[in-house]
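Take a look at the structure set out below.
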Amino acid sequence: MTTNSASVGILGATGYTGAELLRLLARHGSARVTCMTSERFAGQTIDRVFPHLAGRDLPTLSKIGEEDLGKLDVVFGCLPHGTSQEVIGAMPKGPKIVDLSADFRLKDPINYERTYGKPHAAVERQEAAVYGLTELAREAVKKTDLVANPGCYPTTTQLPLRPLLEAGLIKHDSIIIDAKSGVTGAGRAPKEGSLHTEVSEGLHAYGVSTHRHTPEIEQGLSESAGEPIAVTFTPHLVPMNRGILSTTYVHLKGSVVAEDLQDALEKRYQGEPFVKVLPFRSLPATRHVRGTNRCLIAVHPGRLPDRAILLSVTDNLVKGASGQALQNMNVMLDFPEAEGLKEEPLFP
Amino acid sequence: MTTNSASVGILGATGYTGAELLRLLARHGSARVTCMTSERFAGQTIDRVFPHLAGRDLPTLSKIGEEDLGKLDVVFGCLPHGTSQEVIGAMPKGPKIVDLSADFRLKDPINYERTYGKPHAAVERQEAAVYGLTELAREAVKKTDLVANPGCYPTTTQLPLRPLLEAGLIKHDSIIIDAKSGVTGAGRAPKEGSLHTEVSEGLHAYGVSTHRHTPEIEQGLSESAGEPIAVTFTPHLVPMNRGILSTTYVHLKGSVVAEDLQDALEKRYQGEPFVKVLPFRSLPATRHVRGTNRCLIAVHPGRLPDRAILLSVTDNLVKGASGQALQNMNVMLDFPEAEGLKEEPLFP
Amino acid sequence: MTTNSASVGILGATGYTGAELLRLLARHGSARVTCMTSERFAGQTIDRVFPHLAGRDLPTLSKIGEEDLGKLDVVFGCLPHGTSQEVIGAMPKGPKIVDLSADFRLKDPINYERTYGKPHAAVERQEAAVYGLTELAREAVKKTDLVANPGCYPTTTQLPLRPLLEAGLIKHDSIIIDAKSGVTGAGRAPKEGSLHTEVSEGLHAYGVSTHRHTPEIEQGLSESAGEPIAVTFTPHLVPMNRGILSTTYVHLKGSVVAEDLQDALEKRYQGEPFVKVLPFRSLPATRHVRGTNRCLIAVHPGRLPDRAILLSVTDNLVKGASGQALQNMNVMLDFPEAEGLKEEPLFP
Amino acid sequence: MTTNSASVGILGATGYTGAELLRLLARHGSARVTCMTSERFAGQTIDRVFPHLAGRDLPTLSKIGEEDLGKLDVVFGCLPHGTSQEVIGAMPKGPKIVDLSADFRLKDPINYERTYGKPHAAVERQEAAVYGLTELAREAVKKTDLVANPGCYPTTTQLPLRPLLEAGLIKHDSIIIDAKSGVTGAGRAPKEGSLHTEVSEGLHAYGVSTHRHTPEIEQGLSESAGEPIAVTFTPHLVPMNRGILSTTYVHLKGSVVAEDLQDALEKRYQGEPFVKVLPFRSLPATRHVRGTNRCLIAVHPGRLPDRAILLSVTDNLVKGASGQALQNMNVMLDFPEAEGLKEEPLFP
């Protein structure tokens, strides 16, 4: 970084994570978007795609390849899974990269292939990538050129669970994560299942026992546990746009009580600007983090003596995607970590 | 029943369960509402409270005590918890009663007092009441004068679980129920927490480990298991009006596999008009039962070998309240069980 | 009609109007669906497309041409505009036809071509078609073989306006219709603009001064007025699934007062099963007709002396589409007009 | 202003406009909240009322009278109508006041009494108050001590209309405003009509020809027109939390065409940071201003030659309430006008 203001590129700027980056970067004092790509809308201005972004001083959309990405300070990859590894694999060295796709999250190429059904196309970069759950990987993020930005479900579930595994407070074989997400998690692709008519006034589970975020969650938990962990993970689609709530059921080890989990989490996240451990038995709501990079965590004792319940909420487009990506950029470029991320929740 | 058309009274007709009974009874060929009470709106017609009921041939609202309830064939109690036991305790013998409150659901007076914080005011009737989860209590319902109509969460969770406990397929000590409900479950009382502004575009858990439906669920499960069972039960409030989805996590006994659960449930509910076991690994949605008395159940294998996940959905105002109440009335009066309950789902 | 039960075909059964016909026909005592077509899902059962219809005794989906439509008693056309005229133009004589597309609504081929940008492909049938706003065209519907089922906006706006024009109570040159519709009006086609993320928590106008329902509305109003009428018509998209509310602003002629409009409408719709004129100054809500074939109308005086405001609400999928289509079928086949249309509103 | 940071008091901080001020002030570089009152929650911290505000450095809630308001630089009045005039009437001179209630908006005491049914309790202050539609009253706001902050509907409708009246482009006797608002406009008071169950999935008009914002709108339009104007104004309640869309129907004078309106509005609002005139025939959506102080305006030609349609959208809690209040504070205290109001829209 030799300039005062980092030049930022966004690959795939016309999805929701791209739009969200543009929203957040508008308030960033030291970064400036100088390149935005969209295969479908190249040549157009962003307000054709997102009228709410009209009036911003932003570059015209271009196709990947039309511009020299190497001259940028940072590149955010908001491309579809699969495409991302190809584009990033072919990128010149130089820019710091934060990839929001799933492509670089799984460290083990075999695990990747099993999960995504084909071999990875940029294995070297995959191996060098740092999994950017910022609060738990700050030092590594600082040193890397490629951050694999965590998924929305993995972010919301790992933040409460990993410190407890590291502290040896909970059993490894019985973690159950019941997660609920708003509709932005499905992206902007026009699909019947994402229509207002099909989503509103209703609720359903999906990807039961098979969702692709499961291996990503397990990778992180296993790292903290020091041994392979398998979890039960059930996502649900809730008729709202933003927000994830994870309700996580754990068995306590030996003489551990729920208050011990509270203490461990409070200690672990003390001073963190974005991860907040609420008072014991609190009831966090997704609407209370809307538009922010926050994760709220609460601990509840179980009705059965050796159990506890963890509640954690994020805005899936912010801490679960673009906000954490920006947080990672700030760490990589040695900017204040909260720069561009100071928004208060929009409620109601 | 000596008349052709049963005369029906609804105590507390101006809440949502009362309105729902009125909706369903409009299509019932052998029942006629002749008495509707409301302490707050007595003397008025129902369309003042519920404009959507205008034009119906319905009696004027009266106060309890103004009319002789003893002359009715059936009385539905839609009164608040606590009030219900007093009114029903003082009622003359004669009418069949279906009580939709929680007052007569817990068989054990000590359990009742522990859960609701005061002794029961009509213990005798409490002991004689039949817990009307119709599919599992049909014969008893047929013979009783007082049905305690199950709660919405207990209905949605017991229907998949109890046959599995009876068949000895799942472990007793590790049942976790993660339930999600629409807002009608909170009733029509004006509370900040039920405002559109506070509910829409958001999600939260409530009553974690402490919800009053827990003892009711445990009572039913324990009966089926043949020993006391404690469960983990976490309700959530979802921004929709109607619907409950229960995601239930179970451990399989010995060599049991998830397909065995599927078989047991299919066999148990074969021929049932309202409880449908979907094909293995289906994804039921609350919107697919909207306005109907149906419960859809699906079985999923766990990611871990000895686990399974049960999904069950109902419309909390119908099978979870007024529909099941009407179903119980039909059984009590020897009407066709589906009379008045043939609505197709309203989707979208 | 020589059989006891009319055999019904639905062309294009896998859109929302098709699904709604299937919902309503389930409760019809004298009609049976024997043919359902879908170019995209031919060979499959309907529950693959609409899980909420599982368990119904319905024929497998077929392609148009695979079955002899001539043997049916009634055919409902739920095909896209443009396609409908081709299919219906080629159909054998015999079955009564109710076409829900816009293809046969405009009587004047020149008007049709100007509005839809190409000549009509079945002009003869177009000329013979009866515009089936049932309450205003009952006798003609009774005699015809082809009903052009009115659009949702035209139904909701013509019902209050046409009797007033016929009675000579309002001026012809200053009718302003501000209409608001739920999202089902846009159909089931996956489009970005219909996604939950793009529709919920927001509101916008569309088709200002250019919406294709305008000529349809004007055709009906002109017929009632006895001279050509042009109207201002502005539709809006509201974040709800079902419902249309038309707020219509009229200038009163000479010494007419708003109460005169009330009288004229009450007289005109006296005894109608589906069109209800509410007490003067009522506030009808779309949620109060949800799922029903009803149209509620209210008259309000203006703040300025010679003005009045008309409010009218329908469920766009029922009275605005499939319900009125069924009503027309009942009239054509001399069934009781309300058969299959007795549902009470689903509220909340 | 002698200090670097203005000390701000919020009277009635526990409603939605109070919470919104707190949200916006968090990003204001030169203002600091030092006093917040709430009769109901005095003695508590704000996070008890609004959990999303937890962690902010804010004063404990107090009762009016417990603190010396005279020492504050600015006071925002977020009290109910009626109460506000009493409290503000009794306040010591000194602080600049921005009152968000309706109490000081109507200049004519007779008009006030007719509209609100009782005489004004602080007539002197009423007469001295400046109606703070900032873009149209900047100089007067700069000089006053008391700003009557405009209502949400009046803001959204006057911004497009008043420049056209001033320019003499539209007729005075036929303005029709069809307005649609989200639910936050009804405030946080628990009322049946504001429940999620009663608001979602539905739509209705209210206050037809009688809404209290009508005289406020007429006062502003009359001032611009130079003669008394009466308008038709119909508000509607839309199932969303934030946003107002006004669809305004106007008759053009003489040879005026819709493009002339476009020109006049573009010229009038050129350079304004918050009021944006979109390209001719644009379709502004409330969701595109969510969370911002913006008003988007679009002009459409009518289907009839001498008509035009104006569309205008705001976030009713920001430009329609707390945002404009803050904008007025900035003008009064000579801060940069956009300070604290730079948020980008939160979409989706």
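The letters A, B, C and D name the chains in turn, as written, and every chain counts its residues from 1.
In this section, a residue touches a chain if its C-beta (ideal position, glycine included) is under 8 Å from a C-beta of that chain, and two chains touch if they have at least 3 such contacts.
Values in this document were obtained by computation on a predicted structure and should not be read as measured data.
**Q** Chains touching subunit A and subunit B alike, please list them.
**A** C, D
**Q** Based on CA centres, what chain would you say lies at the far end from subunit B?
**A** Ranked by distance of C-alpha centres from subunit B, the top chain is D.
**Q** For subunit B and subunit D, what's the span in angstrom between their mean Cα positions?
**A** Averaging C-alpha atoms per chain gives centres 46 Å apart.
**Q** Would you kindly tell me how far, in whole Å, the mean C-alpha position of subunit C lies from that of subunit B?
**A** Taking the average C-alpha coordinate of subunit B and of subunit C, the gap between them is 37 Å.
**Q** At least two partner chains per residue is the criterion; list those residues in subunit A.
**A** In subunit A, the residues touching two or more other chains are 16, 184, 197-198, 200-201, 239-242, 284-285, 287-288, 290, 348.
**Q** Could you list, by residue number, the parts of subunit D that touch subunit B in their complex?
**A** Per the stated touch rule, the residues are 16, 183-184, 188, 190-192, 194-201, 239-241.
**Q** Once bound in the complex, which stretches of subunit D touch subunit C?
**A** These residues of subunit D touch subunit C: 173-174, 176, 178, 180, 182, 197-198, 200-206, 208-210, 214, 230-234, 236, 238-243, 245, 247, 249, 281, 283-288, 290, 300-304, 307, 309, 311, 313, 348.
**Q** Which residues of subunit C touch subunit B in the complex?
**A** 16, 19, 22-23, 26-27, 50-56, 184, 200-201, 241-242, 276, 278, 284-285, 287-291, 342-348
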